[in-house]
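Down below are the structures I want you to see.
Both complexes below contain subunit A, partnered by subunit B and then by subunit C.
Then we have the complex of A and B:
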């Protein structure tokens, strides 16, 4: 596989070329830019797969390609000089993520043929250009070898998200949702940027990997026991880690910055599938995994990550229960699932978190594309109460959607079960020793019930029972460009779990834990970036109930039981020919959940009640004090100018007099200073 | 190693070429007194100054007068009465460039004028004087060169014999010039009386011996003499309080002559100031003798000059007069080069030299635009310039470059030289001067951008006839604009040359 890494830049460049082509010539192309997009993402997928093979044969790639700025500032740890570079880092984690991203992007491009082109949308070149730019930025983010480059592409994917959410910019809601998504994530990114600057200033490097990385530098600083910027080294690592986490919370829609994601459903469903489910939202979690060594140094940060993750998982799952719009349910489900990943990473379950990231990318992309297919079937109706009975009329959509739903609900043996169970198991064993993690675990566990419920409520309302509208009785047919991606993802949703059958290993000793070996560098990895290396850094202690086998049984049994009961309640309530709305029976609790716990309200209040008056006060200060001073200066200058002008009388004798006077004044000043008159 | 071995006096070639051109024009005039063959006359003047420029550039590149191992060291002629070193060549380049621009531009401006040959020969004579000032190394040669530059200038300002303003300006210029020369000559006599020498190096030796012995009795006398010398330089550079001639002379003079005086003549004034104060009056010895640091005088002059120039320029209605005051303001900036010498850093003087070079292009260009406007006959005030951009976009674009460069907007040449002056002033510890530079630059942007606004954004007053495109003026303006811009990439060599020259003077 020698030399295959030379093609690594092309993985990101292909979609960039597609972006340029779609933008420049999209109008004149037969499918308005879809073909270049499909070819480019297909090429990226092929190359990413090659990278995966190369990594599995024991090779890794870590290369700085371009240094675009360098300075000679000395960092707080005494590193002289700092360079800002673009580079590529392909290790097991990055290779895996590259394949996930390019695969989903490829499938979404294909799906778009049926969802966007066949539906006669206008502005398609803009759409495909956006998808191309997004895929480029996301892939470049994935294999960025330093934090600053990651930040830059993190921002670019945010921009693409903004552009694509607002694709239907003539409606009232889409531009507003786009702005909200942009502003809310920007709020988190603001902390991220400060974090980047802080890390650069502290360690003089932003590299993720190698001896020169900030992770290694942080470890050395903590071992040396010095102080950084007046803080204990570990505290400072915690502070900077939390700052970076701000960007993660915004991008991965974690509490309290999750409010933008449900609104982001205003974009085309394909965009929701690609950006707001499988990839961009994963960028936050991926970043935590990418610099996991840094977070592993700080137990406080990890605990916060775990707690926020567990809380978000439960919080979002409860909101998903009462939604009527199929995409809204999926949006809250996405928030909830990313909460699980954060919980997994926060308890040190690096493999479990990445595993769930992978599975979720597949089954959630599947569910969104399935929802897209349903929307096409339903003539662009999204309200689940107007659906029903689609099971027999669209079998491909139904069975693939069902596979995704089973995975999401965590039903054995579908993929979601294995990864979610592993996360909960990791949280459980740590929680036995750490009460905070136990609380996070409890919330994650409770969320399993709600997940099972809302997932099957969605399935039953959409596909089962009697059709509840004319559209549902006579659905619009869907083509193969829609069905094919669904089938591919449906298969993956069923089998992807086989990548890491951890419970099987723990119970029977059969080594079926490929992903763990993969991430632990058994096939090849960069030193320090392996599961084993992270494990050594972690300060967590784990406990068991009885034996390990028993603990596995308890954890898996509990979550399965809850998943089944959630699904069962949904089955009981909604798998009937004429389901009815039960919302009113929830009473005041229902109102609160319906209003999303007033999260939007308090954020709007923060903006309007606090920020706006502050801004007004600042504006008033600017208008009066600052502008007043500036205007005063200019008035005084012009007045002075007017006076000064009059010295020039035009009479030459005056000039001579003034000249001599000036000379004498100068003479007096210098003479006095020099003592000439003494 | 030089390919050709030239005799030592050949180092003065740029000066000699300028003088020769002047004489050639006189000969032409004697043979054909009534000739108005502008092509031959302007062409001769332009070619003469361009050849002088080429020779000066060649000498600079070849390292004539450069110190260090490879160079030959400063070339002293006539027992050190004249000296050709890097600084001399540097300023000869400035003078020659401005002279060439003015000659080319005058081809159109002086159309229909009676005294063609006289005009060009006077320009060449004045240029000879200015170039000699760059090389003068004794108070006597300085005085002679200064008068050689001044006397033709008086005549040139008054050359529009039918124009009252021109005559009046010439007379005022002459009277103030006479007064200043008197002060200057008196200063020379006092310095001579105190030290017994006129040659600059000899004065320095005498002062250093005196400071070491402690037997020097004429401290106050010397101080007064130095101050009077400063008066003479201040006249030539149009610094406050010797600036009163400038607004009226520039306004009354033909616009190319205003450009000539405000750029070349000012630069020449600075070169003698630089040379006299770095060579003849070593800072430590002189301070010990006169009891005060002479840079103090330049600190005061710099602040007052830039403030008076810029503030008076701010509310002018007449464009030429605005430029005249702006030129006074820029003299204030260049004075920082002398004010900052106390810190012993060559950066600040090098910065002043760079500023004078960039200024040679941008200010000449600005005055030549005024010449163009006068050629069109559109009027003299800001209002009269309204909407010119629609009719003459190329020239007006060049004007934008000149104005923004004068104001010091990056990335134009004027920004960089001003930036170096600023950092130089900070390095020399002259925080007040640096602050004054910033405040005045900010103010200057106001009146420079007024002109830009007038030509581009205001509506023309009435239906205006199409404007001609005189070749010579356009060529000169465009060339000056291009130089103002490309001097930035070329700033590497320019910076080096200026800093080398400054370092050689201070060392």
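Then we have the complex of A and C:
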């Protein structure tokens, strides 16, 4: 596989070219830019797969390609000179993510043929250009080898989501949702930017890997026990880690910056699939995984990540329970599932978190594309109460959607079960020693029940029972371009779990933990970026209940029990020919959940009630005090000169008199100073 | 017998004050010019007196320069007065007051 890495830049460049082509010539192309997009993402997928093969044969790639600025700033740790570069880092994690992103992007492009082209949408060149740029930014973000490059493409991902969420810009809601997504994530990115600057200023490097990396520098600083910027090294690492985490919370829609994501459903469903499964939202969690070594140095940050993750998982899952729009349910499930990944990473379950990221990419892309298919079937109706009975009329959509739903709910043996169970297991064993993690675990566990419930409520309402509208009785047919991606993802949602059967290994000793060995660098990895290396940095104690086998059984049994009971309740309530709305029985609790816990309201209040008056006060201070001082100087000199110029009368005699008076006064003053009159 | 230097200075001061008085009180431009001439010559007296007192010629040379200067000044001044008369039909210096604030 020698030399295959020379093609690495092409992975990101292909979609960029597709972007340019779609933008420039899209109008004249047969499918309005879809073909270049499909070819480009297909090419990226092929190359990513080659990278995967190359990495599995023990090679890794870490090259700086372009240095665009260098300076000789001295950092707090004494490193002299800092360079800002573009580089590529392909290690097992990046290779895996490249394949996931390019696969999902490819399938989304194909699906778009049926979802956008066949439905006669306008503005398709813009759409495909957006998809191309989106894929480009995400792929470049994935194999970025330093934090600054990652930040730049992170921002570009945010821009693309803005463009695509606001695709139907003639409606009232889409531009508003796009702006909201942009602003909320930008709020988080602001902290990320400060974090990048802080890390650069502290360690003088922004590399992710190698001896020159900021992770290694931070570790040395902590070992030396020095102080950085007046803080103890450990505290400073925590502070910078939390700053970067701000960007993660925004992009991965974690509490309290999750409010943009449900609104982002205003974009085309294909875009939602791309955003939720592989690009925008995944970027946040991927960043945590990418610089996991840095977070592993700071137990406080990890605990915060875990707690926020657990809380978000439960919080979003409860909100998903009362939604009537099929895409809204999926939106809240996304927030909830990313909460799980954060929980997994926060408890040191690096493999579990990445595993769930992978599985989620497959089953959430599947569910969103399935929902897109349902929306086509239903003549663009998204209210689940108007659906029903689609099971027999659209079997491909139904069975693939069911596979995704089973994976999402975490039912054995679908992929979601294996990864979610591993996350919960990792949280459980750490939680036995640490109460905070135990609380996060408890929330994550409770969320399993709600996940099972809302997932199957959605499935039953959409596909089971009697049709509840004319559209549901006579669905619009869907073509191969919609079915083929669903089948591919459906198969992956079923089998992807086999990548890491950790419980099986722990119970029977069978070596079925392929992903763990993959991330642990058994096939090839960059030193310091392996699961084992991270494990040594972690400060967590783990406990067991009785034996390890028993602990595994308890953890898996609990989550399975809850998932089944959630699904069972949904079965009981909604798997009937004529389901009724139970929402009113929730009473005031239902009102609060329906209103999303008033999250939007309080954030709007924060903006309008706190920030706006504050800005007004600052503006007033600027207008009065600062501008007043400046204006005062000019007014005084204007007024003064207006008076003073009156002595210029135009009469020569007056000038002569003034001249003489001035001379005499000068004479007197000099004389007085010279002591004549004393 | 020589006259003391202080008498020259007193004479010069007298002449200068007469000139100054003329400038401050007269409105006729020609009188103005004459007054200026008086003041210039007061300075000349001073120069020559001190040259004599010090016994060198520097002051006298300077006085020659001042005379040349005075001649030039009068030429320009008369020109101005001519233009003044042409524009205002008068040589009163308080009449043209357009060049003011």
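Criterion: the second predicted complex is superposed on the first by the 621 of 678 C-alpha atoms of A that agree within 3 Å, B and C clash if a C-alpha of one lies under 4 Å from a C-alpha of the other, contacts with A are read in each partner's own complex, and residues count from 1 in each chain.
Please note the rule applied: a contact is a pair of C-beta atoms (placed from the backbone, for glycine too) under 8 Å apart; a residue touches a chain by one contact, two chains touch by 3 or more.
Only a predicted model underlies this, so the values are computations on that prediction, with no experimental measurement involved.
Contacts of A:658 after superposition on the shared chain: subunit B is touched, whereas subunit C is not. When the shared chain is aligned, no partner comes close enough to touch A:58: not subunit B, not subunit C. By the touch criterion defined above, A:543 lies against neither subunit B nor subunit C after alignment on the C-alpha atoms of chain A.
Shared-chain residue A:675: touches subunit B; no touch with subunit C.
Of the two partners, subunit B and subunit C, it is B that touches more residues of subunit A.
By the touch criterion defined above, A:71 lies against neither subunit B nor subunit C after alignment on the C-alpha atoms of chain A. Legend: residue contacts after superposition of the two complexes on their common chain; A:637 is shown touching subunit B, with no touch to subunit C.
Shared contact residues of subunit A with subunit B and subunit C: 645, 648, 650, 652, 656, 660.
Only residues 634, 637-638, 640-642, 644-645, 647-648, 650, 652, 655-656, 658-663, 666-667, 669-671, 673-677 of subunit A touch subunit B when the two sit together in their complex.
Residues 171-172, 175-176, 179-180, 183, 219-220, 223-224, 227, 230-231, 240-242, 244-245, 247-248, 290-292, 296-297, 300-301, 308, 311-316, 443, 446 of subunit B touch subunit A in their complex.
Per the touch definition, subunit C reaches subunit A in the complex via residues 20, 23-24, 27, 32, 93-94, 96-101.
For subunit A in complex with subunit C, the touching residues are 645-646, 648-653, 656-657, 660.
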